[in-house]
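Which chain is which? They are A, B, C and D, in the order written, and residues in each are numbered from 1.
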Amino acid sequence: MLEVDLCNLRLKNPTILASGILGVSRELLQRVSDSGAGAATIKSITLNPREGHHNPTIIGFEAGIMNAVGYSNAGIEEAKKEFADLSGIKIPIIASIVAEKPEEFALLAGEIDSLHQFSAIELPLSCPHTPGFGLLAGQGTPEATSAITNAVREKTRLPIFVKLSPNVPGIGELAKSAEKAGASAITAVNTLGPGMLIDINSRKPVLDFKCGGISGPALRPVAVRCVYDVYESVKIPIIGVGGILTGRDAIEMILAGATAIGIGSGIYYRGMNIFAQVCREMEMWMKKNKVKSLEEIRGQAHA
Amino acid sequence: MLEVDLCNLRLKNPTILASGILGVSRELLQRVSDSGAGAATIKSITLNPREGHHNPTIIGFEAGIMNAVGYSNAGIEEAKKEFADLSGIKIPIIASIVAEKPEEFALLAGEIDSLHQFSAIELPLSCPHTPGFGLLAGQGTPEATSAITNAVREKTRLPIFVKLSPNVPGIGELAKSAEKAGASAITAVNTLGPGMLIDINSRKPVLDFKCGGISGPALRPVAVRCVYDVYESVKIPIIGVGGILTGRDAIEMILAGATAIGIGSGIYYRGMNIFAQVCREMEMWMKKNKVKSLEEIRGQAHA
Amino acid sequence: MLDYPVGVAIKEIINENSNVKTFVLDAQLDAKPGQFIMVWIPRIDEKPFSLSKISGDIAITVQKKGKATEKMHEMRAGEVLGIRGPYGNGFDAGKARSACIVAGGIGAAPLVPLAEALQNPEFILGARTKNDLLFEERLKKCSELYITTDDGSAGEKGFNTQVLERLLGEGEKFDAVFCCGPEPMMRRVFEICESHKIPLQASLERFMKCGGLGICGQCSVNGIRVCADGPVFGNEMLKKMLEFGNSARLKTGRKVPLKEYAEWRQK
Amino acid sequence: MLDYPVGVAIKEIINENSNVKTFVLDAQLDAKPGQFIMVWIPRIDEKPFSLSKISGDIAITVQKKGKATEKMHEMRAGEVLGIRGPYGNGFDAGKARSACIVAGGIGAAPLVPLAEALQNPEFILGARTKNDLLFEERLKKCSELYITTDDGSAGEKGFNTQVLERLLGEGEKFDAVFCCGPEPMMRRVFEICESHKIPLQASLERFMKCGGLGICGQCSVNGIRVCADGPVFGNEMLKKMLEFGNSARLKTGRKVPLKEYAEWRQK
């Protein structure tokens, strides 16, 4: 009863591993698949290898997680080796790519496409803490979003998911420009803030980059509002991401208008089993409420 | 050891009741004063009485509080009666005024000034959930901030605190425009988001206005980052507000650059005694760390 | 802390009289008599209601009055109401051995579970007419019940407060009086208790916004928050609350005489 | 959950040898042998360290190697380190009655509290030279101690693994073997245990980012997270971990042969 159709990808359930969480190796994707996820996204890759920011890069605080990983990744050449054969993994795998310029995005998209291993390409134009990328490179404007999406669209026929930031004045408008430029779906949202945590004993910001994006429970209501806004602005499907820990949270996102939902920080709170747990909780609620498919309730909070 | 000088106001300690929490009557201000606050801000008042949004207007979620009160208040004429005599209250009381236009702000400021009861005037240009005001009226731009601050500056010699939103791309720039236009201090920040909570059983957004501003722990790291950014942008003092629950949180804000700190949602978490508790916790830390005054550590996280 | 309304199904609706219905909800709470919950009628409003039943599935008893309660009276079993709470201090039934409970109209709601928790208290149930009397059956089982109606259509004609005065005049010794009802009635009960030096616990009503979170100040009576410091107050607090029986705040926060407040609440 | 580093003062610094210092911290944790904490050296780095003392004030024992550990070796008592944790599964000392512990170099750190928790285990302490031997005094008190050095400057000349092999060859029956040290050593211990069908618990090391939160994947060995699924693994898991003893991931996430990884870690 949890099957969803996301841009013609058939997902056995709507839970998708969010980018940047665990998705650094084929084997971790396999494990996430074994844990019951409906699909999984790899950690974003760049043209060249990147070490990212220094540690501390990821911390948990009272209300969520804060991270400034800074797009550490082995670069496209290594990625091509790591993900050369995903055929053993029974769920769709989504590639995530980031770059500084539209042409570079296009180049990466071409490489991904020609691997024939991925079911879609996600473009996070929304990281709040990595110089050269996302918000810190002005990629969160309608113009940049449009230019990048266009450039990628020319290089691939794979579904394109454009991942937006919650830290922009009008997320609806942004979603529209992505849709117009050929995006197949909107992923809403990336991390919030950024935020900063200062240790009062050493009197220093804790994250080496000083500030970082916020995910987890603190983000959830903002993410829900973003999905709600995007749903009123575009026709393409939405992948709702941000602070989803339970079946309740997942249903909430679907009611706001999401077709599928992403889970990242939730793994910290509930372990890798969270995918199966969220699915079971959704099913229990659906049975109790005589809901036969998620299609039935999608966007219902707008009624 | 906790005394601070905020725009020539001598506060016995840096804790200030944030606007919109409890500050609707003289007697509640008195009670907050008795609870140990260093100063208190009244709930924002408008020219005419306002009922605000329908209930539910205020809810608590896993990581904080969400509200869409919508500036309910009895209007300036009633406020003049309610706050006609604050002389019995031994701490400085800060007026908070909101309006749709600069001239209206100026008019309200004149009325407040001529009451001779308030020690400062706060201008929240940053509410994310009340049509006609704050972000929903474009008051969160450098231009509007400048125009409103200017207009108020002409009507009063009281210190002006300009209260900013965390939901803007460049809070540092905004603070600069307020400083230039004559602001005496920056209050950072108002609520985050907005966010939305959907009840999955009724399948409806819970807040009657659907979305609302987020305060409490979810906001804290964003508020700290904002104070940190503002501190690098302006010379005027900063009142750090957002999710402060403990002495640790207060010290964190001071290290980020705040001169005083606001407490709102904290009352929900720790009761009205939070002012005395936060002060005691700050003092304990200061003694242990041989810090003699808050001046000594202000902004030290920037070192 | 989860302080947002969570939807629960209405399990059963009991018509108490033409104007009052009891809603049994598909929810259990660890609550004590005198505590209230905030009830959300989706897309309409959110209001405080006392728990009129606390063991097993909880219930609230609602008088039709305005937009929200009218909507509630139209609802059917199976439909969803959101609830959060319980909130408030509730009654302290702890040491009371010979208690008297004074209930006026819908004010009986929080007092029934209290009566059931005490050892056979005296219970003075007042209402305008016979038709307005609530919980007679439940109360007969657990208390020594006195009934008054304004028009004499049932029980004694007159106010419930006159029974309280008479009992005290006849030499009854109460170690605790509990009351809930219209504020003028409660003010009168307060005066009676003061003159007889009896500890009173009165449950007050005010318009609420944050309802239980204690941060908006809307429900304040002389700086005391009904939702978080109350709703039940003893003699010392009531003495400090000069607005008690006199004035209350409208939704804008404006303080008005109780009569104006009551008229606004009818709407 | 509070999973951010909280600054604590260094209470005491013990020079174990020219290259290794133990830092006693002004902090107490409810931890078990084999668990680790993430240690933040403000403005420099954050790294995992095993707890080398868990009762009373905790301690970590740090070998000078790179930027972070060099900075730590310059620090004095009173200075502040941030810690979060404890993390990881730790050793399961539960049923072990005749245990053998094999420690290589700094790998002795998590094994001393384990030795102290067990009933007089056999402890094979290996190091390059006499000067590199750690915790000799503490270990003598709680275990049957065997010492090996690569150069023979103390104890037996050779590897610690050869003692383990000999003991087993002499017919000793261990119901559990625990080990920590350089990965080639642990790989060898694993092979020995496998051939003798003895349950092994080996504590692995990998570069970490989220360190204990289990979300970044940096520390993964064939899809198994050292920080959250380990760091201690038994025979079955080790069998699945084909990268164990063979390869590890650099900070970029690139998988390289263990030798290249080790060289990078020296920097």
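Everything that follows uses one rule, which is that a contact is a pair of C-beta atoms (placed from the backbone, for glycine too) under 8 Å apart; a residue touches a chain by one contact, two chains touch by 3 or more.
Just so we're clear, the structure is a prediction, and the values are computed from it rather than from any experiment.
Listed by label, the chains that touch chain C and also chain D number zero. Farthest chain from chain B (centres taken as the mean of C-alpha atoms): D. Between chain A and chain C the centroid-to-centroid distance comes to 50 Å (mean Cα coordinates, whole Å).
Our note on geometry: chain A versus chain D, Cα centroid distance of 36 Å, whole angstroms. Centre-to-centre, using mean CA coordinates, chain A is 34 Å away from chain B.
Multi-chain contact residues of chain B (touching two or more other chains) are listed as 61-62, 66, 197, 200-201, 204.
If you sketch which chains touch which, the chains link end to end in a single open path, with no loop closing it.
Every pair of chains meeting the contact definition is listed here: A-B, A-D, B-C. Here chain A touches chain D in the complex through residues 20-25, 27-28, 30-31, 43, 49-52, 54-62, 65-67, 69, 72-75, 78, 82, 197, 199-202, 204, 206, 208, 264-265, 267-269, 271-272, going by the rule given at the top. The residues of chain B lying in touch with chain A in their complex are 61-64, 66, 167-169, 192-198, 200-201, 203-205, 210-211, 214, 216-222, 224-225, 228, 248, 251-252, 255-256, 285, 289, 297, 300-301, 303. Those residues of chain D lying in contact with chain A across their complex are 1-9, 38, 40, 42-47, 80, 82, 84, 208-211, 213-218, 220, 222-224, 249-255.
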